[in-house]
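Naming follows writing order (A, B, C and D), and every chain is counted from residue 1.
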Amino acid sequence: MVSTPSSVGTGVVRARRKRADDVAGLGRARAAAFVVPALLMIGMFLLFPAIWTIYLGMTDYRLTGLAAAHTSFVGLGNYTAAVGDKAFWNALQLTVVFVALSGVIGQSLLGFSLAWSLRRLKGWVRTLVESLALAAWVIPGSVNAFLWIALLDRRDGTLNTLLNTPGTAWLISDPMAMIVIFNIWVGTAFSMQLFSSALSAVSPSQLESARIAGASEFRQLFDIVLPTIKGHILTNTLMITLWTFNTFTPFLLTAGGPNRKTEILSVYIYKTAIGSGQLGFGAAISMIMLLINLAIALLYMRVGRKK
Amino acid sequence: MSDITIRELVKQYPNGVRGVDGVDVDVADGEFFALLGPSGCGKTTLLRSIAGLESVTEGALHIGVTDMTHVEPGDRGVAMVFQDYALFPHMDVSDNIAYPLRVRKVPKEERRATAARTAEGLSLGGLLDRRPGQLSGGQQQRVALARAIATRPDVLLLDEPLSNLDARLRLEARGFLKQLQRDLGVTTLFVTHDQAEAMALADRIAVMKDGRIQQIGTPREVFHSPRNTFVASFIGSHPMNLLPGRVSGGRVEVLGASLPAPRLTVDVPDGHEVVWGVRPEFISWSGTATPDSVRAEVSIVENLGATALVLAKAGDARLQCVVSEESAPQVGQQVWFACSVEKTLLFDAVTTDRIGGGE
Amino acid sequence: MTIATRATAHRTSRTATRFVGRLGFVVFITVVSVFFAVPMIWLVVAPFDGNPTMSVKWPEWTLNNFHRILDNPYAFGSIVNSLMISGGVVALTVILATLAAYALSRVRIPGRDALLYGLLLLSSIVTGTAAMVPTFQLINALGLINTQLGVVLVMSGGILPTVVFILKDFMDSVPKSYEESARLYGAGPFQILRDVVVPVARPGIAFVAVWSVVQAWSNFLVPFILLRDPTLQPAGVLMYTFYTEAGQADLRLISAFSLVYTLPVVVIYFLVNRKFGFRFYGGIKS
Amino acid sequence: MVSIGRRKLITLAGLALVPGALDACSSTSKTASNTSSGGTKNVTLTITANAIEGGKNAAEAKWVADWVIPQFQKANPGVTVKFEPQGVNDENYKTKIALDLKSGKGADIIAIDGIWTGEFAQAGYIKPLKDVAGAAVDAWDGWKQIPNAVQGAVSFQGKVYGVPQGTDGRVFFYNKNLFSKAGLPTAWQPTSWDDVLNAARALKKLKGVTPIQLNAGTAMGEATTMQGILPMLVGTGEYVWADNKWAGNTKGLRDVMNLYKTIYVDEKLGDPVLQQEANGRDSSFQEFAAGQIGILAEGDYFWRSVINPAKGVGTAPMADRDTVVGYTKIPAMKPGSGVKGQSFVSMSGGAGRVLNPNTKNADMAWKLMELICSPEGFAARAAGTLSISPRDDVNKTLLAKDPMLTYVSTEVLPITSYRPGLADYTQVSTALQQASLDVVTGTSVADALKTYTGTLGGIVGAGNITNN
């Protein structure tokens, strides 16, 4: 019997080594010194207001009026009020659709498709396409809103001219579709960037061997590329979900309308907090939004780890 | 003196796994020393512990007379070439080689001169302005070496130095490395999973498994006198034939035959379970029965150029032997294998330690 | 079918597939380019139109709109303010986040990932409208109302978790052997960071830097509530003042200022991209 | 990549939920009005308004900088006056000054919309003028020139919190060209809703013309309430807030909603889509200016600002405004059916200026206020853009130049109504807008009002609603 010099059961040791405790010899003390300034900053200007906001969420605090002077603690009253508010459920439902369509599906897919189709391209075409996508990403939201209002204008918007559909009020007839497309337009560049650096790390030899084995482009994609960049996909989905949940720019396009058809949570919060000055209630909704984000994040990570 | 003394070294991870589990090694000044073992055996961890990149849980490490166990890596007088070379992608070759000098605040002019001189010595003269990404694998390796030796370290550590090169280049680099080590006379430890590389390069080899040293010896010792079945099977370009048998009246019953036993170093009673081993290179065959031979049927013949590897079946067991290509048997042929008793080894079936044979 | 004809047929279908694929690719790229480009036409055309409307049309060419922007007492200063605020935010976040992300990437701190993601989630509260009052009160208590420093601090606090999060991801993929190598030659942590980690992670740092600029550049609420002197307000706030009494947009000013407001951040992006790139080096091993 | 223990995250979220007792940090202001009454050494006063040079309300900003500040500093050596311009939308401006006042800061003189008076007073952000600046307030001779109704715009519970800066009134504007094309009289005074509807029906025959624009829906925000729902409601004889109760499912509100239904759903006399556009109000201005809308309910600001043909003033300038655009009082539902038995009605808003209770120089601030509100002040202000001032004496001389503003000040203001200055109003207003939107988009009046009363109950409490 020939015993082979394989290493059964030693993989554990190797896997652990990747997490070498401290490669740069920072040491805990110095590592702490590196982290503390950022944490102080975050603690002071993020954590502190955040916790305060969470507290406000349990009061009936308002910007003006009697409740501004005599704020009282209402416990979970705002939360139960939100749960009983049709507008809240409407906003939540819209947000889920908006995030799923424009972020998770739209931006990720288009971003990946771009990264994938441009990966072997050099020269002006790539520069052009990337620059356009990135320009949309860096242009400030308030400007973007004007660009899209001009594009979708009912009277003589560019889209109506291009499609020869005079008088179509896109933002009234298909408001959700429009803000979804708008958000894809704005945000795709992030996914594109992330995926194109991820793709550059996929080993060409693996793809070669798959191609020689006769795998179609789609097979290569699913068998080799996607598993390799799984981590990037998870990062991308997490970030995009969070950002899309919080994006406020659609408000500049539709102001939540018509008839609340685009009143996503961030808009709903804005309307309650600034529009009607109900800061306590607004804070509670923000907190609910945070918890939803948390749940989604946990779900993603569970799915991501399973694959 | 830059000899290395390692005593009772343990590296335990927070999860309780011991990467290095009680290792004693002595490396002489100027010696070319290999740490050999399958992946995950702890050889790289040991090397990194010597470099100071891993903190040691127990035990002691001395370089020369200095206790280096808890000394910062930068203060050990140790240089290392990483498996991936770890050349800084944003620096050109010259800056890469001179980086250790820059850390030591050597003036720029001197740095450049040293880098140029070292590069020249490693035939990298024309490449000083290139970035690592623009170099071939062999060139990258030499740059990494140049950077490691630019500071004249006391100890040079190489982690799988040849593994990223293609087969032809690897042979070339082997010779080059050996020559360089000899010229510099620097105490050198290198890690490899390739026994041929270890055999070819090292003055002595430490074979490791599961964080422990199995055997330390010259290439000849580990080849001819492996301490246990693990070393026996790990060393050699073709794995040793290891077959179960039992001792009986000064002979070994194996493969249904009774073969002469080598000289036993331990007294064992008759009927003791053993593993009988012989290297494929030491087996000969004949088409007719001979004394002390084993009958088998040839199943595969692999042409290796000058030699051929014959795989044969004897009952349920399989045997390998390497014979001259011209005299190889045919597939399906009945053959009788025989070998000189001096070349056979006996291992205890339970402890796997060698109990007979060897030099 | 003979082997020869089958091979030919095969080849023909392969060529056909390739042609269709090629065509599909060209169509895809064209459609996507048009999709991204069309909305931007307004930004290029309307500012030069004597009477811009909410539509793209051949303009009555004029630079009058820009003259009016020049006449605006705050327009130029607001761009400078935007640059200062964004610059402050970028400097603060990138330096702090680089240090923190590096340490977090290299040293295991218990609960590190939960901490990071928890902060990331919290940042979504604070960058929203709900935390406006606490933020204002905090800056007020610190005596930083009407200072750009206050704005920079609040914005930085809000985006730091995200920047740390992204940077840590970048740092995680920087081969650790670089640092070990430098460490063996005696380089200290700061030296390693400066000589090795930062240069290698530079595309990642460039990415978060541009991201931070974009965030700071377009923020309205924070500078608006924290600053009172209009000469301190950034362009993001000024952009909202080109309205008449009833909130009607003055498109002559808005179109021209949109361009003026957008150009610097686009230029910054292109400069950074050109100088540092947005990617990793196609490393030796990554 | 991130790998987070699920448990850890939950722990973290749990931690975040712990009610932080961090509220202590709210900086209570040192309301010490150490009035340096007579001594005018190195006093700095600040004025803020939602106006900015080169942007929103530029004329006001310019007036403060070029007239108010130099005048006052000349008259009071040693005093420095500063202007903090804003120039954003009203919600944001309100938020900002509320935050300022809450933290005990803010400018000494603050311009506010009269509608905010109640909620600011309730929050303790502002105090009655007399409490801030003392006897000098009563002694001011300007009060005589300001009608009580106008003073009411910046009053709360019978106390005056600020000095009114101006007022306005709502009328029907109509396009005389379209009227003659449709065979309608160009001198038009409807006396009932039916008159208006009949005119609209006649206009409907013209191609490419929307007969009437009565603001509806949430997209137009307060413009819907102010130009649409409330002027109609007062025409039914009801107020939105009366006897400490809010109008719920009342007869008047049903009538108003039915009017919307007639206009937008049953007879298609208006453009329901425009009501939903995010910038629908701007579009309505553009369309009116382009001769595509026959009748438009708007405030006088539409005349003096939007379609003003003077260079650089209007965003939808009409060169032939004075000849083409007619204006007429809004009729009650039927003659005599309006509030107080009126046959014609209107709604007015009013801007004002308040003194910051935290001011360190109350006396001097009041002095500055007197200057701002002097006839000379309003005259100078009107040099930029003419509008109705709160002072009768000023209006008499200045408005003579503008027949429309004269009409509003003499014919409309006497019959006008004001909104209740309560914190809840904003939300009630939004609920009303929603009801009108529901009707315009096809919901039945009964259902729309059912939703409305439900929402209203959530805002003000079911016990504070009138239903009949």
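The rule we apply is simple: contacts are C-beta pairs under 8 Å (C-beta built on N, C-alpha and C of every residue); 3 or more make two chains touch, one makes a residue touch a chain.
The structure displayed is predicted, hence computed values, not measured ones.
Student: Going by the touch criterion stated earlier, list every chain that contacts chain A and also contacts chain D.
Tutor: Common contact partners of chain A and chain D, which must touch each of the two, are C.
Student: Could you see whether A-C or C-D has the larger number of C-beta contact pairs?
Tutor: A-C
Student: Taking each chain's centre as the mean of its Cα atoms, which chain lies farthest from chain C?
Tutor: Centroid comparison gives B as the farthest chain from chain C.
Student: Using mean CA coordinates as chain centres, what's the chain B-chain D distance in Å?
Tutor: One centre to the other, that is 88 Å.
Student: Please report how many Å separate the Cα centroid of chain A from that of chain B, as a whole number.
Tutor: 51
Student: How many angstrom lie between the centres of chain A and chain C, each centre taken as the mean Cα position?
Tutor: About 14 Å, centre to centre.
Student: Chain C to chain D: how many Å between their CA centres?
Tutor: Once rounded, the distance between the two centres reads 38 Å.
Student: For chain C, write out the residues touching at least two other chains, lowest number first.
Tutor: Correct list: 54, 117, 122, 132-133, 137-138, 165, 169, 180, 183, 240, 249, 282.
Student: Residue numbers in chain B touching 2 or more other chains?
Tutor: Expected reply: 53, 72-73.
Student: What parts of chain A, by residue number, touch at least two of the other chains?
Tutor: Residue numbers touching two or more other chains: 20-23, 25, 48, 50, 52, 54, 63, 149, 155, 235, 274, 290, 294, 297.
Student: Of all residues in chain A, which touch chain D in the complex?
Tutor: Residue list for chain A touching chain D: 48, 50-52, 54-55, 58, 62-69, 81, 85, 149, 154-155, 169, 171-172, 231, 234-235, 238, 253-260, 274-278, 290-291, 294, 297-298, 301-302, 304-305.
Student: Considering the complex alone, what residue numbers of chain D touch chain A?
Tutor: 1-4, 6, 9, 13, 16-17, 19-23, 25, 91-92, 94-95, 98-99, 102, 116, 118-120, 122-125, 217-219, 273, 276-279, 283, 422-424, 426-427, 430, 434, 437-438, 441, 458
Student: Give every residue of chain C touching chain B within the complex, in rising order.
Tutor: Residue list for chain C touching chain B: 175, 177-178, 180-188, 191, 195-196, 199-200, 202, 281-285.
Student: For the complex, which residues does chain A have touching chain C?
Tutor: Listed in rising order, the residues of chain A that touch chain C are 19-28, 30-32, 34-35, 37-39, 41-42, 44-50, 52-54, 56-57, 61, 63, 110, 113-114, 117, 125, 128-129, 131-144, 146-151, 153, 155-159, 161-162, 185, 193, 196-197, 200-201, 235, 239, 242, 245-246, 248, 266, 269-270, 273-274, 279, 282-283, 285-287, 289-290, 293-294, 297.
Student: Give the list of chain C residues in touch with chain D in this complex.
Tutor: Listed in rising order, the residues of chain C that touch chain D are 54, 68, 71-75, 111, 113-118, 122, 132-133, 136-138, 140-141, 145, 165, 169, 172, 224-225, 228-230, 237-238, 240-250, 253.
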